[in-house]
Amino acid sequence: MTKTNAGRFFEDYTVGQVIRHAVPRTVSGGERALYHALYPARHALYASDEFARACGLPASPLDDLAAFHVVFGKSVPDISLNAVANLGYAEARWHLPVYAGDTLRSESEVIGLKQNSSGKTGVVYVRTTGYNQHGAAVMDFVRWVMVRKRDVDAPAPEAVVPETAAAVEPADLVVPAGLDFTNYDFTLAGEPHRWGDYAVGEVIDHVDGVTIEEAEHMMATRLWQNTAKVHFDATVRPDGKRLIYGGHVISMARALTFNGLANAQMIVAINAGAHANPCFAGDTVRAWSEVIDKADTEAPGVGALRMRLVATKGGDVGALKGDDGKYLPDVLLDLDYWVLMPR
Amino acid sequence: MTKTNAGRFFEDYTVGQVIRHAVPRTVSGGERALYHALYPARHALYASDEFARACGLPASPLDDLAAFHVVFGKSVPDISLNAVANLGYAEARWHLPVYAGDTLRSESEVIGLKQNSSGKTGVVYVRTTGYNQHGAAVMDFVRWVMVRKRDVDAPAPEAVVPETAAAVEPADLVVPAGLDFTNYDFTLAGEPHRWGDYAVGEVIDHVDGVTIEEAEHMMATRLWQNTAKVHFDATVRPDGKRLIYGGHVISMARALTFNGLANAQMIVAINAGAHANPCFAGDTVRAWSEVIDKADTEAPGVGALRMRLVATKGGDVGALKGDDGKYLPDVLLDLDYWVLMPR
Amino acid sequence: MTKTNAGRFFEDYTVGQVIRHAVPRTVSGGERALYHALYPARHALYASDEFARACGLPASPLDDLAAFHVVFGKSVPDISLNAVANLGYAEARWHLPVYAGDTLRSESEVIGLKQNSSGKTGVVYVRTTGYNQHGAAVMDFVRWVMVRKRDVDAPAPEAVVPETAAAVEPADLVVPAGLDFTNYDFTLAGEPHRWGDYAVGEVIDHVDGVTIEEAEHMMATRLWQNTAKVHFDATVRPDGKRLIYGGHVISMARALTFNGLANAQMIVAINAGAHANPCFAGDTVRAWSEVIDKADTEAPGVGALRMRLVATKGGDVGALKGDDGKYLPDVLLDLDYWVLMPR
């Protein structure tokens, strides 16, 4: 009897199945400090308890993307260990901030299955939800991955493709209880630009770049207990490269947006996301953003921006796809998200 | 008068001498987070306060090996700064879990001395004990190292070679007060295998591999305040390589055992250990285990497994020594330990 | 309207101007653990709450240099983003220890301006002060940087060059309230040498060396939220090298002084500092010290040493400048500081 986990294959999923993921995790100031060491993260709400309190929160939360990585990481051994590709994200929403001392666990429901025409792989759609120690959902998201079949001759399941929203509706965004930006300190936050200063269609070059190191992306990926071996084992790929966890690129790019989006404090939804090209150590990651939409919220002084965040390893700001409709080779990430900002 | 510490030489030790080691250390959630960033550590008892409480502990302890590294690291300037080789470990036992907020210090008693026939070096045997801020022992272990003589002509001391147990007796294992695995959540822990599912002689391939980086092993080794210069200074060895602290390999290999031994939660003893070959940055560390023995404990639901843990940089699972009785060149570590698991 | 911050140019500063810097920061045990992972820091007062309490403090503070880096880092986007060179430091004093849970912010007052004869750059003198959440100053320092002009034809401001002390007077050193070294435990601290054992003119070779890694200096520099792109982006310099933040060299060298200055616990002033030559990954940093002056304090058992700390990447101990009066090419740092030690 083998004791090691070979991961699930396409045949192992059924629609409606709920998978409780392993290894609950208590976070502390240690995770926060590491987040600040691994990314040039500077959004004030996530750096200072005092700033967070002045905005109506009890303390500075763990970075929203760190919460995402913890919840996501737990799902990897059950969902994407045998994934050929991480195809997409939708309907990610943050429901509650995560604070030092909270313990997170996560579970996934299989909401769709579709065998590919090759018969060798299939697409698995899951909704993954992270819970804190009180059993309250802190975030959930839909993702779909292409998974290998164990047995190519296994019969195809009935195809079920869930409908997901192209974007989370502004009315569905969850603003944390108590959040109030009416006394927001723009000087301490680092930039004067408020919600009203951003126009739909506006493109922002975030200017800075960070050259990626093996030690850093592995430390980040381990911190989230993501076990996919391509990130850690240089002998897996024929080219001897370690593929960088897509979430590392997301966090790096988001941190770079500080320069131009210093007041885009809280990520409350991810509408869609594509890892356009792989990222490797030695690449210098840059970022640009485009304002896609704007919405108001009922919280005092709080507006929402829907943003496209593009991470690249070069190329022109604003350039995304070629004439063939495919992502340009220097594009690493195309992320569509909602963020809260003082109005 | 020179102020810098040149370290002790063989003549500086006498049997019965007690050396109080420097630099007490308070640990926090920061050390825990770094441990999770540096190693793919996923054992639930060390990741989640909630899981630990469900097992009868007041909170999630610092990883047992992190406690070991802190206690060991303090002994390096006094015991092994001039060591030619770290020859062995025996009778390591954990007596109390270490929690965030605890302050550790350590001291060593010289329990044996034996000059080598060359007259240039000798073997020093010490029992090192770590204490917390209440003066309670948290762990102790015996190790022996080969140390240079300052003066080759100094007379040899009377040879005293301590008798150490080939393995800690099951009756001598210390199960933490309150530990109770009767309501253990195997799903949250990550695997269904319980103590009864493991058979003596069973070999487990832990499958995953991690390619080692300079920045990571140096950060780990510094975190434990281990000062041996071969780990940090690329100019020490003629080949320009930095030798990796053997404890880094132990922690990496133990973390890799999660895949197959997810329920082997608490290390309570190390019976023996050999750093079979040196490890350098760029090596990809893998691990396999063999069940050596099994024992029951009086704690509710708690069994003990005696395991051999072998870290390699390649080679076949189960292959340990050549026809000449020497470790194969790809074997990095051969560790014999006791671990607690739900029965 | 561009949203990104291009940084201030020489014309943007006026004498008397006060700039409140962005991104307040709450520190925790996470920052402390990272400091111990990134540097071979072993001074007992900063490692152990128990040791700190035995010296009259409420807990172990954040390393003094970590506090400096946090305060300094905040000033970078406003003061030195367009700096050609960091010319000097003076009159740095620590006023209050920083503890886990404290929130730091900083502000700078422009105290001098002098256009260079080229007309292309000017020197900006600022006094930067860090405050905690109670509005109390935790440290302040003067630094001067050479900053580019935006418009070469802009008129030169009236030259104002502040007078700064060659060294902080012993009477101006701030000893933390309650500090008492009368029951100091030299064994736990790691060395027997007390204040009376050090003689003016004495030179100490700290022996050890650390080879610098890209991942480590970037993690450290990010942790202090220092955004200067030369530290992170390998495409900025024509040689493809990332310039290492001078503060990383300061912390590395200070940590290395443990070997010979283990009892030089608290840095209370920096009198002057020069980054003599740039440092890059792969360099092996070493350190030597010279006792410049000694002073008594009114605190029980507490003396002060004025030290020169020299970081090098090779060369002879004690060698600092060539016949031309310039720093030797292997010298990285020349730092003049006051430190408290048991008398």
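Note that the chains are named A, B and C in the order they appear, and that numbering of residues resets to 1 at the start of each chain.
Just so it is clear, a residue touches a chain if its C-beta (ideal position, glycine included) is under 8 Å from a C-beta of that chain, and two chains touch if they have at least 3 such contacts.
This is a predicted model, so every value here is computed, not measured.
Of all residue numbers used at the contact between chain A and chain C, under half are used by both chains, marking a mostly different-residue interface. Rotation angle relating chain A to chain B: 120°, from a CA superposition, given to the nearest 5. Centre-to-centre separation of chain A and chain C, using mean CA positions: 36 Å. Within chain B, residues 28-31, 33-34, 100, 213-216 each touch two or more of the remaining chains. Chain A contributes residues 28-34, 36-40, 42, 44, 47-51, 60, 100, 187-191, 193, 197-198, 204-211, 213-216, 259-262, 282, 284 to its touches with chain C in the complex.
Chain B contributes residues 1-5, 20, 22-31, 33-34, 77, 100-101, 103, 105, 133, 213-216, 218-220, 222-223, 225, 227, 229, 232-236, 242 to its touches with chain C in the complex.
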